[in-house]
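Okay, got some structures for you below.
What follows is chain A paired twice: with chain B in the first complex and chain C in the second.
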Partner chain A sequence: MIGTPPARLEADEVGRWFGEVMAIGRCSLAVGGGVIGLLGQNGAGKTTLFKLLAGLITPSRGQVRLDGLVLRDHVGLFRRIGFCPESDALPGWLTGREFLAMLARLAGVPRERVRPRVAELLERFELTAAANRRLGGYSKGMRQKLKLAQAVAHDPDILFLDEPLNGMDPQSRLEAIAAIRRLGREGRTVLVSSHILPEVEQMTQNIVLIHRGKVLAEGDVAEIRDLIPEHPTVVALRCERPRELAAFLVRQDHVAGVECEGRDRVVVRTEHALAFYRALPGQLLAAGQAVEEIHTLDDNLESVFSYLTDDSQGGAR
Partner chain B sequence: MSRDLPMTGEQSGATAPRAIPDLTAILVVAGAAWRELARRRRLFSLGLLLLLPVVLLLAVSLWYPGVAPGDLLLNLLARNVYIPFLLPIVAMALGAPAISEPIAEGTLVYFWTRPLNRRALYLGRLLAAALVACGLVVLSLAAVLITLIAGGFGGLSLDVMRMYAELTVVTLLGTVAYTAVFGCFGAGFKRPLVPALLLVFGWENMVADIPQRIQEWTLRFHLRNLVHWPDAKPTDLRGILEELVGRILVRPPVPVWQSVLILLVIIAVSTVVGTYLLRRRQLDRQE
Partner chain C sequence: MPVHERGYTHWRPTGLRPDPVWWVIARRGWTGAWRHRWTLLLLFVAWVPAVVKGAIIFVKAKAGQLLELAVGGQWTSITPSGFLAFLEGQRFFVFLFTMILGAGLIARDRRDNGLALYFSRPLGLADYLLGKTLVVIGGYLAVTLAPVLLLCLFAYLIDPGATGVELLLVTPLRALLFCSLTGAGLSLVLLALSSLATRTVLIVVWWAVLCLGGEMVGAIGEGIGLAGLQYANVLGHWHNAGSLLMGAEPRLPVPPLASLALCALAVIAALAILRARIRPVEVVS
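And then the complex of A and B:
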């Protein structure tokens, strides 16, 4: 990829309605090269925008082009695209190896290259041990890794990763973030959607903020981050020994309160979300805890959107 | 990032990479779908269901030993068990979900983000479903043949072999026809089993016994039309009545070639329509 011009993806006043509901308003974007974070709350329209950009749904208005060609008219362009959907759905009756081999072959990897390529992907995403297990038995984290693996199987130069870190344990998150950054450095165009700003901040400085189907802002993440006032954030962690983890976390900086919920959940309240997110992987490693899932219960992007949309004053900034 | 939009690819002379050749895509998709189908529990249930003709043959040999010749029994099995019941059920269980299941499960997105034409995806999955369905029917027919040989039905006469060959061709053609129709339903309906059940157990059942040309608007009629009656006419009440009704209404018989042609047209049209529906299909918000 290095040395070749990056893929250029352009959306020209793209809009999409589902009946009476506007999922995406007039949205214009032009991206090419590097990692671009698509940020928005749940239901903001990120997934619909991804599907529009990836040619999976037809825009009600406007057009999407990849290097000047309309994606839906040229199915061959998918040789250059890798797509990691948000949904966890996988064909549960296939094994991980069969799934990757099938998709690599369908993406244009020559038959003789499929087997070594699949072995390489399984190794890179730490799925070799589970390669011959049926996908129905994969954990959420393993599914997430497999989805990423199939997206890069054919070495595409543009990647759509829809909430790629959902359900990953902290160590895998760090690895996935590093991998995404590396893909961007190699000259690929990587679009990553997320509703967690600190997560995206670790991958890229370029972000597009989307709210209620419209692009609110695009630009440098630092400028956006400064808009976030400090306020408490609640984070839920799922693990095997929640009481031990709670006892450990309560002694850490930036943690304002800890509660155990059910048999496998710890809920942490923090006053400094960014600092907490940065320190968390190291703290979990120090605690020797394997955390299966992390997600925010409230969303600190809320305040950014409130600020940008300025709902109270009835207009966008 | 910038918002300036340069000239289009067509204007700048950019060319798109080529799609995967259809044949390669069909074979890869069919291979994966085959593995998937072979591991589903429904295959076992269908296998058991397809032993029904064997059970019926065994029952006949136990209760009426030596009464019915093998070719007549095969004929009755074709007309009353395979064609109206087993073939539609097998096709429903395998053909209808061929496309509708990956749509409902949300796994279609992995195929749609690959450089393959949707017709190849449709044909690949339908091919796998039809092959598995035909494989099951062939196994059932093999079990029937073994039962005929071992069950004291007069051995393998030329008439029996001829009827058996006819039964094999007709059931395979019927399996492919029903699978193609239900596959098309799968591309067009969210719950394809509903129209499939209405077609088989509603429409076809309703008109199958109406002795008028309306019967010809069913797959069942054309499949039954391909199965000739053995020279020795049945002496049971149903057989006599059928012959009487046929004579009274003096309905000109539909030539066999016409039935074969109609079935082939149904297969082709269903496949083309199914492909068209899949091409137009979009991933909605839930998928």
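And then the complex of A and C:
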């Protein structure tokens, strides 16, 4: 990070109702610096929370603050915000260059700087060749790139990217993921909303999980995983003598179950992952068991998401 | 999208002054509308009455009876009343230009994600409305105030003694005030309609019904002697209320103050609709 501390965005018991429908209940969270994935199933309230945090919707209760100032009360704060909407509907009668120039000027980029800035963005997002074409003729992927370009046009401190990878080809996705990670490393606060978990996982391990209008979990994926006691952590160990290792492990503390898979793999379930991991090296050493690889199978985002939102387990935890 | 390493520092004022956001919105609207050749052609046609009036003024001046001759009736007069009659005669072009410039202004933004993009920038509802209103007012003034001012100047130049300061200052000021207020009022009403739908064609129909339909009902009322039907004459009320400002005879068989009240009500209703409808929430079609 260069220069000043990252922008800090805080939601203080924010809620939003549409008539009698509660889209977001009391929701409190604080984010600052780096990439944060905002996850939720369809209808979970993800988009509403996203717009509340971006200051596009007035909360029915609570407040959203950017560096201590209430976002909705200080229009000037929006100069520090970049927003990439989910919908790819764009004004078809404008050219790419005109679109970027207008939004850069609206965001406060001085007239003298608009032209070089737009040229730089067009080049950066590989849209120079299509710059003077009307947006009506842009492909979905080009529109997506243009939306990202307008979001960063004024060098905002905090970025809201709603499903930013929709419609992009695989190569562009990889590049966009890299670009988003880099934005986070640079010290910006980047909130990314997505329903494609592996993509979010490539961008960040830091997530906010929304379910039925409430924040279910917030923080590092692995840490959140450790806080789910109902589902034992599943660990895979690769070794030369799996049956022998399985027989050994089943006698150890913190082990809830052991299975042999294939010719070189043992899968262990433990309810106390941290204690298990601490004790495991010493136990293996004492028993003379050689293990080539240890790999946790379910501390990935998808498993955490699934555990936390599994309605059969009573819904939100 | 190649990955470029870029240095990044948090935003700080640059010392360069950005344009006001309402000006950016208005400029974008004008640029978009006036780049069509047919809009320019229509503007040219809208100026034909002014050219005709100018020619008549010239002929009258040469005949030495600028004020006395009544060629073309009140329409060709260089009195405030005559200019109000001229503005009234421009109402079809007013309908056309406001429709072309304003019908889709908010509807398109609602349809194309514009509101979310606009309001994620440092601008408020007032900035947005001012910018959009100026787009429509620009078209309105181009076919009303601009010819009136030029005609005043032209009439003064060809015969300075005709009405003197009245023609050079007072009439243009009255016209400026009337056109600005009427232009702003009509723009707000049209923008309110534009905020009610996402399909421009619907707003065009509503605007036509309001302007031309009202005019037709008024004309029918006049034909069958039912003065009450004149209350439906939407554009007529603006000119009728304008008679107070221009010091002219009422244009409708309705008290000008009643017309003024109706116009004020229309503006208040339009503002209420705009306030309720313009929200920075995406419309996904």
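The rule we apply is simple: the second predicted complex is superposed on the first by the 223 of 317 C-alpha atoms of A that agree within 3 Å, B and C clash if a C-alpha of one lies under 4 Å from a C-alpha of the other, contacts with A are read in each partner's own complex, and residues count from 1 in each chain.
Note that in this section a contact is a pair of C-beta atoms (placed from the backbone, for glycine too) under 8 Å apart; a residue touches a chain by one contact, two chains touch by 3 or more.
Quick caveat: nothing in here was measured; it's all calculated off a predicted structure.
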Is this a clash or a fit when chain B and chain C both end up on chain A?
clash
Could you say whether A:Gln150 touches chain B, chain C, both of them, or neither, answering first, second, both or neither?
both
First, second, both or neither for A:Arg182, with chain B first and chain C second
second
On the A-aligned overlay, A:Lys214 touches which partner chain: chain B = first, chain C = second, or both, or neither?
neither
Using the touch definition from the top, say if A:Ser87 reaches chain B (first), chain C (second), both or neither.
both
For A:Ala30, decide between first (touching chain B), second (touching chain C), both and neither.
first
Check the residue A:Met102 against both partner chains and state whether it touches chain B (first), chain C (second), both, or neither.
both
Mind working out whether A:Leu69 is in touch with chain B, chain C, both or neither, as first, second, both or neither?
first
Shared contact residues on chain A for chain B and chain C?
51, 54, 56-57, 75-83, 85, 87, 89-91, 93-94, 98, 102-103, 105-108, 150
Residues of chain A touching chain C in their complex?
2-4, 7, 51, 54-57, 75-83, 85-87, 89-94, 98, 102-103, 105-113, 124-126, 145, 150, 154-157, 160, 172, 175-176, 178-179, 182, 186-188
Which of the residues in chain A come into contact with chain B in the complex?
8, 10, 12, 18, 23, 28-31, 36, 47-48, 51, 54, 56-58, 65-70, 74-83, 85, 87, 89-91, 93-94, 98, 102-103, 105-108, 134, 150, 206, 208, 218-219
Show which residues of chain C lie in contact with chain A when the two form their complex.
1-11, 14, 16-19, 21, 24-25, 28, 32, 108-109, 111-114, 116-124, 279-285
So in the complex, the part of chain B that touches chain A is made up of which residues?
1-12, 14, 16-20, 24-25, 28-29, 31-32, 35-36, 39-40, 102, 105-107, 109-117, 282-285, 287
